[in-house]
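In the two complexes that follow, subunit A is the common piece, with subunit B as its partner first and subunit C second.
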Partner chain A sequence: MVKSIAKKEFVSTLRDSRFVALSVIVLLLLLAATIVGLHSYKTLQAERDTAQETVNDQFVSAADRHPHRMAHYGSYAFRPKSSISFLDFGMDSYTGASVYMEAHRQNSANFSQAQQSSSLIRFGEMTVAFVLQMLIPLLIIFLCFGAFTQEKETGTLKILLSQGISLRQMAWAKIAGYSKVVALVVAPALALASLLLFGRGGFELGGDVVIRLLLFMLFYLVYFFIFIVLSVVVSALHQRSSTALVTLLGIWILFCVITPKAAANLGANLYTTPTKAQMEADVHEEVAKGIDGHNSQDERAEALKQELLEKYNVETLEELPVNFDGILMALGEEQSSHVFQEHFDELTGTFEKQNSISEYVGLLNPYLAVRHLSMGMAGSDFSHFIHFQKMAEQYRYNQSQKLNHIQATQLKYGDKETRLSSETWKDFTPFTYETPPAGWALGNHLLSLGAMLLWLVLVSTVGIRLIDKTKVA
Partner chain B sequence: MKIFRILIKYEWLNFRADKGLLILTALTLFAGLYGIYYGTTEIERQRENIAALDVLTEHNVEEMKVKFLGDADAGDIGYYHSTFAVNHPDSWASLSLGQRDVNPYYLKLRLLNLQSQLYDTENINPLKVLSGNFDLAFVLVYLFPLLIIGLCFNILSAEKEQGTLPLLLSQPISLPLVVGAKLTFRMMLVLGLALLLSVVAMVWGQVVPDVRIGIWLGVVLLYCLFWFGVAFLVAALQKNSAFNAVTLLGVWLLLTIIIPALLNVYVAVKQPVPQALELTIKQREVVHAGWDKPKRETMNKFFAHYPQWTDTTEIQGRFAWRWYYAFQHLGDVAVEDLARDYQESLQARHQLVAQLNVLSVPVNVQGIFNAMAGSDLPSHLAFLQSASRYHDSLREYYYPFLFNQVAFTHADYDGEPRHSFTSSPDFATAYSGLVKLVVSVLLVYAVALLLFRVKEASVK
Partner chain C sequence: MEFVLEAKQLSKVYQDKLALKGLNLQIRAGEIFCLLGQNGAGKSTTINLFLGFITPTSGAAYINGLEVARNVTEVKKYLAYIPENVMLYPNLTGLENLALFSSLAGFDYSKEELMEYLVRSGLPAEAASRRVGGYSKGMRQKVGIAIAVAKHAKVLLLDEPTSGLDPKASNEFSELLLRLSDAGTGIFMATHDIFRSKEVGTRVGIMREGELVDVLPAADLEANELEKLYLNHMHI
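Entry: the complex of A and B
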């Protein structure tokens, strides 16, 4: 009986030309989004690869220079796109692509896609994730809103019940039927996406990418399932199809249009962040005066000088076996980076607090939960961006310190003239960026994962129980 | 006329009794008020932040005066001292924040190479800018159509489904009158709400009262009428409520999300902006190569741009500030074409969107709102140009000190130029958008009326 209900839902849906038409539209959009995503991925990645290669070449083939000149010359980090970010651009369009890494200064990530667009981009982007997050649920609503109401309106519900089947069994049967229909719409697109991902060159194919892609798909399947059950439950609670439909559309608008924006805006209103100018001024002040105004920059330099003079038992800086310039510069870099890092961590902490509002709202809204998980798996979320910035800062710091070390050991005190051979720069390894593993990405979204599971459990238990308790007039 | 009034009165009674509709209307009102609150606090915060920059500049000057107690070399000041170029919001910006959150509204500038400073970004939370602004423009552009759809999707079909339509039509009332009365009631409600929110936002945001009040209210009115027209058109198909709801939501989805997203793709492909990374790389290369070039060569190149300093003394020794700032400036000159290309490509992108927005009324209306509020891309580009000119004037202020080798005294800080730029509204875009909007509205009603006629004829 259960099987035949599931089969009936499946077959009758496929016979419904309107549904088939809608499915075809969604499928086409999904395919279009895949192609568009891939194209955009390739263009941006090629741009950044070329830029990265150029600056790497420029560094190793730079002219003979004073090491501190080279530290100011610096390098660039161009953020590579994560392999499966073509499925979900996430925040990538709003985060900078290039970081200039030079001595003494931590620069911002510049040239985001959003800055290079008019306000049109704020209407949203055509990505696979957009279709999966917003359009498939609408399709599901359209598919399921009449699940029970239609049976009620045509009077077939009573007949069915008289066959000895319970409402609960009927609900599960219908859910099974609808799930099959949704799978039929989604599967080709996901298969194509995987094929494009693995069937062509240019992507680093690691186990990690596979795990990310599988989890990406799994989360969406759970999300669709939640929407199917939710729609069937809402249908069972209504007497008429039209009111069930309107309720479901209202839920969709609330989930997908209103709360995501409201939650993000509320977060930004609750926790304010300092402007970059203010932050830089604070960092500068703390570095110059020392934390709490103790141990200022000049005092620190003086202390270091005395310490070295005593250590090597000499009278003047010129007599030191090491170059004091380089050592002082290294100390300065160490301290300013340390202070900057503290402020940067505080800033990201505030951003995380702002974002946590959206994550908690995920408990009430599965759309938000899946959005966070999806961006996380695609490598286009907040954590991945911050990870990149930190890696760039680490590289910048190490490069500066390596050059300071060269200055301290190979040049004499007060020497601003000597240029080291360009061979020296060939020792420097260029900036490379590795996307962190899938486990790390998932770990950043445990709350969203919990929210998703909670929804799954709630709709399958409380939701179905609600169906069982409805009265059949 | 009397019948019309009776119909309206009963619509009101119906509306009052319908909890769902009341909740929907109250929600929209609440969302509108929140949008106004959010927009004004956001702009207020930007104003405060901009005001705080003056304090930072003052602090910086104080620090300089301590660091260089007596007369200083202007070269040192130019290197360590920083000022800000600021983009003040227009008073209308709180109604439509546009791209003001994505693009920085101030730039920290030193006397160094401009192109390495012009594209620095502000501390922004990417999730927040991705989610977008919940300002009044969002409520009007996205949520009001949903309210209209919620109120109108079953305008005729409900009467049919409840079996009251034949009863109603058995009276000496025509179908157009019934539909007209129903639409009129809903229009009064929605337009009342939209205009009320707009006025509240204008008062709350303390906007400069000018012609924009008229344009804004006109656009809001026309935009609502457009969506009523769409609802009217779908009602003319005379299908059931479920069909209407899905169709209307489909149209909404198409116009507010799918078409804009596809347009965005088209614009990105049609008008690529590949200059940015090349620009930043080249600028660094040229500036740093300046250290390795013969000083005479660098200075001659510089004097070609600033002949008035040609006769200044020859540079001796390893380092001179005027030589340093000369090659900094030559770095800007070297990427001048790229920088112009970059900004022109961005402008062209915006222009392309302005042409294509006939395909989506919401995109057009959002464009009009942003143009009026001076919060879109062209306004930011104008700010960048203003900041560039400011950098020019800064350099020109310092050059006499550098080239005539005059000491920079404490009093000279006061003579340094300061920057202020206020986004100005783009009336050309607003007016052309308005014309397109009027055409869209007329078109939708013409089609709807035609369809009604055809359907009526086929029923008869």
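Entry: the complex of A and C
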């Protein structure tokens, strides 16, 4: 029974020229978004690879320099794009692409695509995720709004039921048929994406990328299934196709337009973030209160000086077996990093709280749930960005302290003239960044994962039970 | 002989409106019962109760001895239904529509068998492979009949099936009903068509405001007598 009706829905839909035209448009958009996304990915990745290689070369090939000058010379960390990010740009366009790593300062990532683009980017980008999240549900609504209402309007519902099929069997059969139709529209684009990902090179392929891609696809399949069941249930609860369509479009607007904006505004209002100027002023003040790394008159610097003089039982800094400047720099770096890190953690904590509002709203809205999961799997969410920032900061801190150690052990106190050989810099390992594993990414979105599963269970149980309330006569 | 269709004190009330009042009716295998009545008299409500699409307020409907309200799915095995306007699925051919509905009833016919049902129901063979969207009402009705016939049901429920059909199609339909009756199918037909009721009916019932006010053997009446009687009942 189920197979027959599912086949009928599939065949009947494929023979509907209006729906075929709509599907072809959506499929072309998906294919175009895949190709454009890939092109954008390759261009950006090539730019970042080149830039990273250049700054790494510049560092290791730097001229003879004093180690502290080298610490200020610094380096850059360019954030490599995740292999699957061409399917979902997520926050990548708005978060910075590079971090300037220098002594004493923890800089935030700069040079986002949005900063370098025209205002048109505010209208959003045509990505595969946009088509999957926004347009496919619309296509599903146009496909399914008449699932039951058309049967009622034409009287075929009574004939079908008189043949012995139940309303629930009919609903599952229709869901199966519509799922096949949606798969026909989505599968070519996802197959193309997989082919491009695994067939053409240029990607850092590995088991993790495969897992991420499979989970990415799985989450969207669940999302589409939820929309299909929801549309069929809404259709069953209405008597007329027009009212079912209006209800479903209302749900789409609520899910895809109103609640995401409302959640973002709510988050921003509940958890306010300091301005960049305010945060820098606070950090500066807190760093100035302690050692600033340059001012040996500072009280804590004096305490350190006295501690070292006593430890080595000498009278002057010149008599110390180690370079006091280097040790002072190292301690200054440690304290300023601590202050920066505290403020950075506080700020990211606020952003995470803002994001959590959106994740909680995902319990009421599967669009938000899939959006978070999609960005997570694509490696283009806030968590991945923060992970990169932390890795860059770790590298910056270690590099600064390594240079401070060189100053402390290889140069004498007060020596600001000696230049270390350029060969010294060749010992420094260049910055590299590894995208964290899929499990880590998923762990950041357990609430959204739960929301998706909850929706799946709810529409499949409560939703289908509601179909029993369908008025046949 | 067992009754293939039976109503015992069958009543239906919609909110405050009495749609069917204490219907008592028995139809035997091979019998054609025609129910005449104005729009809103309760004919469709009676059919919906036999189909199990609505539940009775009191009393019970039986198909092949099974109480419909308690055996909603089971009774569907024994009945077939043809509505006033058989719309079917316009993007499928006549053959595909018949194959679909037959498979839902548990019959997996070959293409040749399906074609035979369609042709026997009066559909031209060349039309069977065309999409139903291009069919006339009469052609769609014939596919509807083929669906009912292919199910080999013991009871056939017809809701104004000849409404809108041309005389030739109506006549062909009558002949088909008689053939089904001869084969032992019990038929319940709600209709406005007095002439057709007299022509094919074994008995004719007249329903007014939810009440079966008269039941007459069709063979004992002339068509004009039946018309007079019907009009008398309607104007009381």
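Here is the rule we go by: the second predicted complex is superposed on the first by the 465 of 473 C-alpha atoms of A that agree within 3 Å, B and C clash if a C-alpha of one lies under 4 Å from a C-alpha of the other, contacts with A are read in each partner's own complex, and residues count from 1 in each chain.
As a working rule, contacts are C-beta pairs under 8 Å (C-beta built on N, C-alpha and C of every residue); 3 or more make two chains touch, one makes a residue touch a chain.
Please read these numbers as outputs of a predicted model, since none were measured by experiment.
Shared-chain residue A:Trp172: touches no atom of subunit B or subunit C. Which of subunit B and subunit C touches more residues of subunit A is settled by the count: it is B. In the superposition on chain A, A:Phe324 makes contact with neither subunit B nor subunit C. In the superposition on chain A, A:Ile5 contacts subunit C only, with no contact to subunit B.
Looking at the shared chain after the overlay, A:Tyr220 reaches neither subunit B nor subunit C. Of the two partner chains placed by superposition, only subunit C is touched by A:Gly155; subunit B is not. In the superposition on chain A, A:Phe431 contacts neither subunit B nor subunit C.
No residue of subunit A touches both subunit B in one complex and subunit C in the other. The touching residues of subunit B, counted against subunit A in their complex, run 20, 24, 31, 34, 38, 41, 45, 49, 52-53, 56, 59-60, 84, 98-99, 102-104, 106, 108, 116, 119-134, 138, 142-143, 146, 150, 153-154, 161, 240-242, 245-246, 249, 253, 256-258, 260-265, 267-269, 272-274, 276-278, 280-281, 284-285, 288-289, 291-292, 318-319, 346, 349-350, 353, 362-363, 366-367, 370, 375-377.
Those residues of subunit C that touch subunit A in the shared complex are 44, 48, 51, 53-54, 73, 76-77, 79-89, 91-92, 96, 100-101, 103-106, 131, 144, 147, 151, 157. Contacts from subunit A toward subunit B in the complex involve residues 29, 32, 36, 39-40, 43, 47-48, 51, 54-55, 58, 63, 65, 69, 72-74, 76, 78, 90-91, 93-98, 100, 107-112, 114-126, 130, 134-135, 138, 142, 145-146, 241-242, 245-246, 249-250, 253, 257-258, 260-265, 267-269, 272-281, 347, 351, 354-355, 358, 382, 385, 416-417. Within the complex formed with subunit C, the residues of subunit A that make contact are 1, 4-5, 7-8, 11-13, 15-16, 154-156, 158-166, 472-473.
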